[in-house]
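Below is one structure; the comments refer to it alone.
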Amino acid sequence: MAKMVTLGEILIQFNPITPGPLRHVNYFEKHVAGSEANYCVAFIRQGNECGIIARVGNDEFGYNAIEWLRGKGLDVSQIKIDDSSPTGIFFIQRHYPVPYKSDSVYYRKGSAGSKLSPDDVDEKYVRSADIVHSSGITLAISETAKEAVYKAFDLARARSFDTNIRLKLWSPDKARYEIMRLLNQFHLNFLITDTDDSRIVLGESDPDKAAKVFLNYADVVVMKMGAKGAALYYEDKKYYSHGYTVPVEDVVGAGDALGGTFLSLYYRGFTLEKALDYGIVAATLNVMIRGDQENLPSTNEIEQFLRELGK
Amino acid sequence: MAKMVTLGEILIQFNPITPGPLRHVNYFEKHVAGSEANYCVAFIRQGNECGIIARVGNDEFGYNAIEWLRGKGLDVSQIKIDDSSPTGIFFIQRHYPVPYKSDSVYYRKGSAGSKLSPDDVDEKYVRSADIVHSSGITLAISETAKEAVYKAFDLARARSFDTNIRLKLWSPDKARYEIMRLLNQFHLNFLITDTDDSRIVLGESDPDKAAKVFLNYADVVVMKMGAKGAALYYEDKKYYSHGYTVPVEDVVGAGDALGGTFLSLYYRGFTLEKALDYGIVAATLNVMIRGDQENLPSTNEIEQFLRELGK
Amino acid sequence: MAKMVTLGEILIQFNPITPGPLRHVNYFEKHVAGSEANYCVAFIRQGNECGIIARVGNDEFGYNAIEWLRGKGLDVSQIKIDDSSPTGIFFIQRHYPVPYKSDSVYYRKGSAGSKLSPDDVDEKYVRSADIVHSSGITLAISETAKEAVYKAFDLARARSFDTNIRLKLWSPDKARYEIMRLLNQFHLNFLITDTDDSRIVLGESDPDKAAKVFLNYADVVVMKMGAKGAALYYEDKKYYSHGYTVPVEDVVGAGDALGGTFLSLYYRGFTLEKALDYGIVAATLNVMIRGDQENLPSTNEIEQFLRELGK
Amino acid sequence: MAKMVTLGEILIQFNPITPGPLRHVNYFEKHVAGSEANYCVAFIRQGNECGIIARVGNDEFGYNAIEWLRGKGLDVSQIKIDDSSPTGIFFIQRHYPVPYKSDSVYYRKGSAGSKLSPDDVDEKYVRSADIVHSSGITLAISETAKEAVYKAFDLARARSFDTNIRLKLWSPDKARYEIMRLLNQFHLNFLITDTDDSRIVLGESDPDKAAKVFLNYADVVVMKMGAKGAALYYEDKKYYSHGYTVPVEDVVGAGDALGGTFLSLYYRGFTLEKALDYGIVAATLNVMIRGDQENLPSTNEIEQFLRELGK
Amino acid sequence: MAKMVTLGEILIQFNPITPGPLRHVNYFEKHVAGSEANYCVAFIRQGNECGIIARVGNDEFGYNAIEWLRGKGLDVSQIKIDDSSPTGIFFIQRHYPVPYKSDSVYYRKGSAGSKLSPDDVDEKYVRSADIVHSSGITLAISETAKEAVYKAFDLARARSFDTNIRLKLWSPDKARYEIMRLLNQFHLNFLITDTDDSRIVLGESDPDKAAKVFLNYADVVVMKMGAKGAALYYEDKKYYSHGYTVPVEDVVGAGDALGGTFLSLYYRGFTLEKALDYGIVAATLNVMIRGDQENLPSTNEIEQFLRELGK
Amino acid sequence: MAKMVTLGEILIQFNPITPGPLRHVNYFEKHVAGSEANYCVAFIRQGNECGIIARVGNDEFGYNAIEWLRGKGLDVSQIKIDDSSPTGIFFIQRHYPVPYKSDSVYYRKGSAGSKLSPDDVDEKYVRSADIVHSSGITLAISETAKEAVYKAFDLARARSFDTNIRLKLWSPDKARYEIMRLLNQFHLNFLITDTDDSRIVLGESDPDKAAKVFLNYADVVVMKMGAKGAALYYEDKKYYSHGYTVPVEDVVGAGDALGGTFLSLYYRGFTLEKALDYGIVAATLNVMIRGDQENLPSTNEIEQFLRELGK
């Protein structure tokens, strides 16, 4: 079994039971979320191990996160409880004003999660992992969180990074600067991104051209394309894997589903191509429900999907 | 800022939380509705002003309507509270027996709204408006309501009319007679209709042919075509604007969304063509939820839709 | 097995899932109701038979009523489907503005139920019944419905009447006049009433004094007292049976539960006193839920209640 | 009016309000189900009569089933209440791990329904029916239930059988053996099946080839094809009727809707081809909701569907 | 008609549909709240006018607040939209760990509401009011908000203040210091408080003794006592008004209901004693539901309550 | 930290969202339950450790149980996944036919939980515990489960037993026989029971007398008395601790809350008397919600309750 360690903020998500502008939503459904936590659950569902280095508040939402993630099988020993800051939360607005898209409203400024710092990164713990993963979100939430990523990447045996640019957290310029700085400092094993982020980081939204540039910084580049699927680049190879048409409830978390599943299956010995096919199935199931972690499939379930609908 | 005044019945809508025949629906969701009220909210969302001349009962549903519409920015000063009749209500049956269609069950006979009469039409108020709007529904609900429309149209600086034929309120013959009588008496600035109504009124369901006839009575004719979009006719021009494929929750109110958005943007100085494109976006968002007014978009939101999905 | 026949209007009830003024209620729960239908179900739950003479609309709510009541075991052969009028409906407002009380908002004017007429009363059907029951509501909804009661009472082997005065349906004067007219014309076997109705009908709200007057018109008088229980008068006897303290969800229908259970057990051979004790249990369970018929207990269930909480 | 008698297990269905793996479902909606009961309700909705020979437990779920089915118009006189076994229940998992599919989790082992036996089959009752229907499920649930089917088929004037193989109830080998044994013993008037079941029973999943074999055992073969529609075979004729694209909530019960509607309309005098077209409409509406019986349309409603969307 | 102006933060409240610790709550219901906004709605419900000086974010929750309050009849002209900060929100935890109590979890640090400043206080607007009202919460949320209260109180014709100490916003010491500083600077017409706050501010939790001290700073002192009712002190008079036993859903906002109703009826010409009796009815209804403003009764509704349950 | 090991069946509970007979309940809420699992969570909430020896099915409900309990902090290493039997489930009927009481409907016959056997009892694991706990339910579900209890009690350093007689699982005679057999074989450190169970086991329902007999078999006897509280007996001492009046949602699980909290606090060094006071608080909170484990309080929360409402 491989072990991944991630660094990021665990958030409580409030997802409306009806689509449309939040002002008219009367009821919200609570879920545990956060990109790196999503990666972890997806990673575990394929039969590997995962721990997260994070901070939550000393409050009901913080305990909610810990209990849920421990239930899902995460090693929660590196989640610190921060007495002075609340657990970060966010609201989702679904299918409005753009059908099939979701928007996020954050209440995470000054959150416990953003207090993540290099002191929270236990050297031995990180060294024990086969791979360390984080994302642009963690770079964006605070200086100390960013430094924690640098410290962990410095110690890491292998590195995965999802660009995951959230323009509510930083400007395009800042995002480009910080991501390029990271790429320049650490060679990545896996870079997971999409064409929107590529345009911001590289000024290039053509997936093949962007991937070619990114391959200077990473062994493997995964280019997500939403409902259309995703493409994979490594060495001089490209592999495109199509998406599936399903009813869309909420697209938030689909990329994490893809990434976490893909990485885990790679460590299970799958080819990169097959790992990507499977990752897309995970992402597909993910968009059919509210919540980011509830529909993450096991390997067997992915195979059942593929047998009946698939490839 | 332009000001529109509408005349019509404000209704309370009970929309099932599950599709299928009403006998098997256990839970209903309450909304404020009524075609002319929908037009008003759509008109206001594009940055103009709107008032409605209407009557509601002296009951919780009547106060519900007033508070909701005042909240949405309507001038509710011309909504009279009728002590002797209840606020009209209706139930919607969704997707049954015809998928993607909605059926209405009215409890509005003798309602406060149907007591609307010429006495409720304040001359000065109507003259202050840039345009006066009403629909076939208001012609159908009572003689006095119809007379109120005549009085207001007589005083109006400009006139808009949506045929909006509801065969539960009158027969096709009666609808044809009354609508043609109105058209013969008042030249309209805007006539908003669809092919079903054209067939009833003109015996002609070909949109181009019907529009040609209608152009004798109106400067601009908008022909709604459901999910396919809508066409616009004026002078000797025709403009067709396509619709969008989205998940349909309830189509009730989509035409009002289109009409109110279109009119308002025209008054904001948009070309008729662009106003129609935007109106279709409003109608598209409208069918994705229950309720007629909750998903009416602002101009900015329409533009965000168009940037990401659109034209 | 005894057989009861009732005459009355079957209504569809919309009960808010949250208490408070209806303007702020977002969701409503649908139930089948109507005083005489409630009596029937309570009567059947004690092991006897019941049919209702009534009219419903040719609409989903009408079929809803028939299917539900047939399911509950009613003989629905005398429910006529009226093609020209809708099924009557009503909304309940709970715990506001008076805690523990419920208010009703009717949409039943001109309903199918109010079209009940003597022509709907089949002579042979009525003569087959051990007892015929109706209420002040049926007298109030229309002249023809009232005449139907007169016809049926004229044919009846035994008669039960619940005063059930609804001041939204008639004035106190009209209520008094009509109820006294009925009492003067037909001697009742059972008169079921409460102190509010007694004050309206007799100008007397003292239960004992009112009952004494009513005993001139009926063999047995049941005086309901809400949460306090009820009293029973016959010949020169009085029996008081206490109520139970339970959480109150909605008091509508409690009196019908009491009355229907009481009558049925009397026909099962219970003493009047014991039948009343049991009827109060049925009323007690009834106030704990929304809906009038869902919590009507069987005889065994009443006995289980009494064993654990009771007498 | 024709009369059908069915033999089978009535189940209480718990259907999640959200799709995804059951472990993450918080709320379940209760429905009355069971293949043969579904057939009955569909049969009745087309204007014929139906009774079911079945057993339910002496518990709330058993009474639930009886009251619901009586409400729907079934003759429930042959439903026996079994004091020693509970009513069978099942849970549905929707859209996971395969979108558009539903999975069932049964709690029916040793249920009252499985105690069905030849003693429950009243000779006179069965002989009074125009046709007797059952399914592979009834063969699978117990030896005594299977024998009940044999007894009833032996007495039947005409026979219909739906293969309905549930691999959670028996192995493919057992299913093949038992179904072929039945087919060898009784010539069927109607055999309703699909390509999955044909592969199990005949080792042949090509619909035309499978149907050809099945025609040795039945006068009419209906081959269901899910969203693609269905085909009909009799004598040397084949008729294919296409399906409709609608939003899928839960596919469970769609085949029963098709079968019951088809059989009933045949007995109403429709051609087999037209009866199949109508049956597909019933199946189409059925997949749009949770629950198997709530969306079963009347003949008029099917025709409204066809006028607006159809053929 | 009297006019009140209040200064405070409008919040969006997320109220769990089930009691217990928030980690186990799955669904939350959205409401518009904030102490001073609650006061305004209560004030308006008694037939007077009210405006609020406040800031909300340029986000869906901010527009939600404005639309709702405008619907309720508030003058929202002085609510500024703050482009740089989000609308404040909070979660309620009900009946846990202490039955009948509610706890609040704020996400309001750095909120738009806390950006309220003296610049937002329009001199003319404040001078037009008969009375200006604020609370300890507004003193606590920021220095600039506090200064806004000072500016408004300085300009006010009459002043009302509710101590409303929230220990999640400031320490007891800070609360005591700031409230005493305010009392020393401005003589109040009305001081509304309770025994908990009195203990913090004065070190005295005996209501009579505390009131005596407070009367040095205010003409009228209202001492709230939860379910027990409230007491009123002025000159050398004391009046105690009892509370009512009702089912408690959520106590948040009850004090505001009492205070706003009391002040408004005083301005309507009621005696202080009668105004207090009525205020307690408003508070009583308020605790029966989730949400702070939905159950605020009109004067007529209070009188209906009192006729049926009351004094 | 003390460690407890329990043996028992983990069940999935379906709790109706509305009270009344199950036939009329439309929606059910899912929870993880089972007496010994409840004990474990209560034990852990007081700061100690707990593991459970149990079997669940290889199904969604089984994984649901494991994930939930792992989340709550249980050691789930001894929960075996049984491939051949389903996870046991049950339904609750609330407040009907007896207000304030709950009834259970089991679907647990042949469940994975009942397959618990001595082979599942790891000697080393049991010896590592400070105390081993089980209940009458585990004795009742199967012979092998009972034997597992015997094996574990034989190895145990200390023993706790809750009589927990469920008459749907065994007869009174069988219950008495088996419980007395266990008591005769093993001296208990803690016996937790109530007066109903005492009457069955000892023929004695007076708490003091029953406790006196039970003290021959156990060092400490806790006699639960529902809403009235509980009494404690040891040596020649008796201590009575009163209950609290709160709104009752569902009483199921209250006894487990009391027992698990009591035992854990005893091991934390509390006096037996104080541990009982705290246990009653846990039970009190427990009856206010649906679900058995969601409202189990921490020690701090109990103390907050006691400070505000308590002793």
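In this document, chain identifiers A, B, C, D, E and F correspond to the written order of the chains, with residue numbering beginning at 1 in each.
Please note the rule applied: a residue touches a chain if its C-beta (ideal position, glycine included) is under 8 Å from a C-beta of that chain, and two chains touch if they have at least 3 such contacts.
Small disclaimer: the values here were computed from a predicted structure and weren't measured.
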Contacts common to chain B and chain D (chain labels): A, C
Which neighbours do chain D and chain F have in common? A, C
With touch defined as above, tell me whether chain C and chain F contact each other through largely the same residue numbers, more than half shared, or through different ones. different
Which one, B-D, C-E or D-F, has the same contacts as A-E for more than half of its contact pairs? D-F
As a multiple of 5 degrees, what angle does the CA superposition of chain C onto its copy chain E give? 120
Chain B to chain C, mean C-alpha position gap in Å, rounds to 43
Roughly how many whole angstrom separate the Cα centroids of chain C and chain D? 40
Mind pulling the chain F residues that touch 2 or more other chains? 21, 24, 26, 67, 247
Pairs of chains found to touch, sorted by chain label: A-B, A-D, A-E, A-F, B-C, B-D, B-E, C-D, C-E, C-F, D-F, E-F
In the complex, the residues of chain C that touch chain B are 14, 17, 21-30, 59-61, 63-64, 67, 86, 89, 93, 105, 107, 109-110
Listed in rising order, chain F residues that touch chain C in their complex are 18-21, 24, 95-101, 247-248
Complex contacts: residues of chain E adjacent to chain C: 244, 246-247, 284-285, 288-291, 294-295, 297, 301-302, 304-305, 308-309
Can you list the residues on chain A that touch chain F in the complex? 67-73
